[in-house]
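One structure follows; several queries about it will come next.
Should a chain be cited, it is by its letter among A, B, C, D, E, F, G and H, assigned in written order, with residues numbered from 1 in that chain.
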Amino acid sequence: MSATEQATARGDAFVIAGVTLRSRLIMGSGGAASLDALEQALRASGADLATVAMRRVDPAARGSVLDVLERAGCRVLPNTAGCHTARDAVLTARLAREALGTDWVKLEVIGDDRTLLPDPVELLDAAEQLVDDGFTVLAYTNDDPVLAKRLERVGCAAVMPLGSPIGSGAGIRNPYNLRIIVEAAEVPIVLDAGIGTASDAALAMELGCDGVLLASAVTRARDPARMALAMRHAVEAGRLAGGAGRIPKRLYAEASSPFEGMAEYPGAP
Amino acid sequence: MSATEQATARGDAFVIAGVTLRSRLIMGSGGAASLDALEQALRASGADLATVAMRRVDPAARGSVLDVLERAGCRVLPNTAGCHTARDAVLTARLAREALGTDWVKLEVIGDDRTLLPDPVELLDAAEQLVDDGFTVLAYTNDDPVLAKRLERVGCAAVMPLGSPIGSGAGIRNPYNLRIIVEAAEVPIVLDAGIGTASDAALAMELGCDGVLLASAVTRARDPARMALAMRHAVEAGRLAGGAGRIPKRLYAEASSPFEGMAEYPGAP
Amino acid sequence: MSATEQATARGDAFVIAGVTLRSRLIMGSGGAASLDALEQALRASGADLATVAMRRVDPAARGSVLDVLERAGCRVLPNTAGCHTARDAVLTARLAREALGTDWVKLEVIGDDRTLLPDPVELLDAAEQLVDDGFTVLAYTNDDPVLAKRLERVGCAAVMPLGSPIGSGAGIRNPYNLRIIVEAAEVPIVLDAGIGTASDAALAMELGCDGVLLASAVTRARDPARMALAMRHAVEAGRLAGGAGRIPKRLYAEASSPFEGMAEYPGAP
Amino acid sequence: MSATEQATARGDAFVIAGVTLRSRLIMGSGGAASLDALEQALRASGADLATVAMRRVDPAARGSVLDVLERAGCRVLPNTAGCHTARDAVLTARLAREALGTDWVKLEVIGDDRTLLPDPVELLDAAEQLVDDGFTVLAYTNDDPVLAKRLERVGCAAVMPLGSPIGSGAGIRNPYNLRIIVEAAEVPIVLDAGIGTASDAALAMELGCDGVLLASAVTRARDPARMALAMRHAVEAGRLAGGAGRIPKRLYAEASSPFEGMAEYPGAP
Amino acid sequence: MTRVLVNGEARELDQPVPAAALRALGLDPGRAGVALALNGTVLPRGQWHTAELHDGDEVEILTAVQGG
Amino acid sequence: MTRVLVNGEARELDQPVPAAALRALGLDPGRAGVALALNGTVLPRGQWHTAELHDGDEVEILTAVQGG
Amino acid sequence: MTRVLVNGEARELDQPVPAAALRALGLDPGRAGVALALNGTVLPRGQWHTAELHDGDEVEILTAVQGG
Amino acid sequence: MTRVLVNGEARELDQPVPAAALRALGLDPGRAGVALALNGTVLPRGQWHTAELHDGDEVEILTAVQGG
């Protein structure tokens, strides 16, 4: 029985909007050098949910990201990447629903092109509209606990705060905010954006996140499939560790070998 | 094929003094509530090497840590925990060789009882004596790159710098020193002491350590077997990630969805 | 000539809404054990601007915080602490203007009582209303660069991101966001909330903040006047250092004594 | 009365080997572009002790660093920079005593040219020889608490652990070790090496160091005199803050405006 | 008598003007540093002797205290 | 001929229906995984052969690509 | 009787050999996993029945326990 | 002539005393702030005119420079 199976057997299921996901690692599909590289990475990741973006159809394009996801066993999660207003994001989500036959959406409403950070006002507006329209909204957000709670209150199925800007690989810049968000949350919290390496993903899970969503850390690594496998282990490691009751941090030492029974050798100086 | 098997197949073997270890996680056996709890943790960890301490024989003791290690498939690595001088450490190592039939030793020479940090002068002296006496010395040391190099030069088979004091659970307080040690090393570097949770272990491996040795983080966790499994995944995750060519850290974002092909909806404000 | 005078002489003035402040340290007046203690702290701080809160008049109260500010040479900056809606904050600001004869206001609109973090939507709404009503708005905000920019765009005279929650003493949890805010800013940025000790204040200034606003770090320290003096030096230190062109951070060393001219002693081993 | 005078008046003197220093900032003289630049920086720093290196006399050299120190009011502290063995360091110290008429020495014994970290064995040996020979030894060391204590025990007048490698500007990489060193120390602890900017120096003092020694951070800054003034303020700030009883760090907020007396406006939504 | 809420407490005022609310708290209506809201709207000082209060009106009288 | 914008480019359609816009791009209107917006509103697939296009209409035809 | 210290406790041994020290603790001298130091020097198992103990000798008998 | 190394360079001295080594560098032997090692041992200033140098001796003459 694999670790994942064990975890599930423990009743440790990852459920969003009533759907149980086998993996707590959600993959973004952007950034891969080719569809082949993407497919290998998705397979290695063990993910069963992966994002796609909606773009103008390119008649010359060969291959389809949707076929890749299907072969890799991933449900499709369309995003609204690139939208700067609630209006555009809502329209994009509706087009995705029409095209892909899913009412799940990863909602992004960007407020600044240099940081790709969300615009809190537009994001909240879009989330509310989409929830009202029957969508299952997974909202990409910054690490503001107040905004996270408001997104939850308007009915988002999952709230997905960042660790650091999209694609920055800078890890979790403010673990305290994440901790605060997790402590107050009543929907799944998925760390989305900023992961650079495996220890970042493990940390996110240890902080209490229910899952991790990442793309660039895998797709732009030198060896995407290897990094995908690393992330799979890391998410599992962090989940297990987060629930194992870690030892406290101390300034000084705490011996792990017993003091009792030490030999005393004669003639010591 | 498991991730570990894959890694090995890639020629990624972990070899100390000519012995190939299957797992890069080395377990300390101290701190467990019972031998049963220890056995479960060792099995979950996947480790094939585990430390023991040498203490006055207790005629009333029931069960043997050596039997536990054997059942869990672990070679025994005696340590010199509790010794404060080269003389005591050398004698303890020799007694361990006599008792256990192994010339491997985890060398500890403590300079201060509050921090359990090594005494650099005594440590180096003991290492030299033991190497001369035919021991395979795995030297527990602080994170000083100069001392690490000197231990290597006197012939230690592995150098094992700490992340933070033994049992402190404080993780890796100075990752820069570890990086410097790893860059210069010509023998295996094993992060020994200070690990608190899975992400710490993953980070150690990402920094380039060849292995991780830990005890309290597992044996004193609320659920030792679960934490042991977490550490197994974490070491694997860190090893894979460290070799996958991670993306660089950036201050700003780097889009993972394409800019090209964005729709333009009429009537935008 | 004091360091502050030197700085000013260099054309390094701190100007908000056309008013030049002598000190880049703005004091909050909350948390002091007594008005006497407050007065000593204000004097030691060198601040010439200090916040007050608006509360129901207490007929039994003795002494007035306004008198203390006047004696200490501080302009009064009323805040809207405790308000949870744009409506309440706007009304409170108008009452403050009526009571105190100033159109300056430190705008706070709280979204959560446990973190005292601002509600981004209400905050932006209140800022816009107050600017339209002729106020000089200094907006307390979280560390979100998008919200900071939107506050600037609606006409805030200064944007005041936090380092960490009010009174937490946790310092600057996300210096990267601060750096991003500062790089994009076209109005003064004042680090407001979270400062715990002098090095936090120095760091804020080094990151490029134009000023620092703090209260608890001084008023709740064991020796408020001493901590106020520490903060005065720290803000000056950080300001000077931030403009002095610091050396880059390196992993390895860079000798500060020359290699040339080393003696060579004979007989060296 | 300046802050420094106040501090001294409080009985807060900085004494090494019976000599009271006015400033807790000790300057290194290396790295300056010219003797003029050095003199301005020394004057701005307020230091009354500064290091020099001993090198082969250069007949063509114009100006003397000793004259600069004298004009700037600094005692001279010769170092043994560049020495790799106890033997060379002891000889260099003796030559410095002969040349400069001081028995003070900043003892450096380098173990690795890339990191300029000390060799613990040679350093301890040299310290013992120099103390026996009547020197007042200020020992540059790594941040190992055990080595720091051993240096104290052989009679060093001050122990000077690094924050990070010489000239690296990387600040204090392991503040925990510094805290441990300071807590156990019975001689002055001076943070020596690694300071990059003012907040680093303030932090060192807050951690309980008795002084700070730095060179490159000032001499290689774009504006050395300005950075020197920054460091002067920073050391003062850190010293004051360290003794002012800072507030604790919290995860959540602690209001600085009172809850009592909040107005309640009718008609709130 | 006019029955109003002054800072959350029920008061009976001898005159139906804001100034009476201040006096009810023992405050001189001429005192500086004080502002008054009537039913959630600022009432400028110039109207404190002329604005008419009615039963059930809510009066808030605020001043500056240590804070922030 | 109907002159419309399809994905930002001017096109002349032989029939004034959305399906013609797809064909103009060389796409089979029956192809799965595609959605269409007409003047900023989603047009369900069921109307692609019946909805009437006029000169100046803006048609966006989107599909899923790698992203996020 | 030979009076020695065994693991820090005074013992009287019926025979002046290390094996007697083990037996004094209730241990079978043939037991594996045990080592013995005599006056601070390792005494190989082969000498446990032959080495001669004297009054005041210090014997340490160690085994492996959980640790490290 | 005495052939010695002065600060690593071969020199011929007109007199076999340390003071001559200083003069060979163009330095006044009375100059302050300078120290001298002969074959790895400090030679006090008082002996600069009296100590005897031999061929092959190594002289180091140091002074303070910016550093540390």
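As a convention for this text, a contact is a pair of C-beta atoms (placed from the backbone, for glycine too) under 8 Å apart; a residue touches a chain by one contact, two chains touch by 3 or more.
On a predicted model such as this, the values are computed, not experimentally measured, just so you know.
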item	value
Reaching subunit G from subunit D through chains that touch each other, fewest steps	2
Interchain centroid distance [CA atoms averaged], subunit G/subunit H, Å	66
Computed distance of Cα centres, subunit C from subunit A, in Å	35
Centre distance in Å when subunit A and subunit H are each reduced to the mean of their C-alpha atoms	71
Subunit E-subunit G separation of Cα centroids, rounded to whole Å	94
Subunit G residues counted as touching two or more neighbouring chains	7-8, 37, 40, 60, 62, 65-68
Residue numbers of subunit C (touch at least two other chains)	28, 30-31, 53-56, 58, 79, 81, 91-92, 95, 114-115, 117, 170, 176, 180, 215, 251-252, 256-258, 261, 263, 265, 268
Which pairs of chains touch, using the document's own definition	A-B, A-C, A-D, A-F, A-G, B-C, B-D, B-F, B-G, C-D, C-E, C-H, D-E, D-H
Of subunit F, residues touching subunit B in the complex	7-8, 37, 39-40, 58, 60, 62, 65-68
Subunit B residues touching subunit D - in the complex, by the definition given at the top	111-112, 114-115, 117-121, 124, 142, 144-147, 149-150, 164, 170, 173-174, 176-177, 180, 184
Residue numbers on subunit B that touch subunit A, as the complex places them	3, 6, 28, 30-31, 53-56, 58, 79, 81-82, 85, 87-88, 91-92, 95, 114-117, 165-171, 196-203, 206, 215-217, 219-224, 226-227, 229-234, 236-241, 243-263, 265, 268-269
Subunit A-touching residues of subunit F, taken from the complex the two chains share	7-8, 25-27, 33-37, 40-42, 44-45, 60-68
Sites on subunit D touched by subunit H in the complex	28-32, 35, 38, 51-59, 61, 64-66, 76-79, 81, 91-92, 94-100, 106, 108, 215
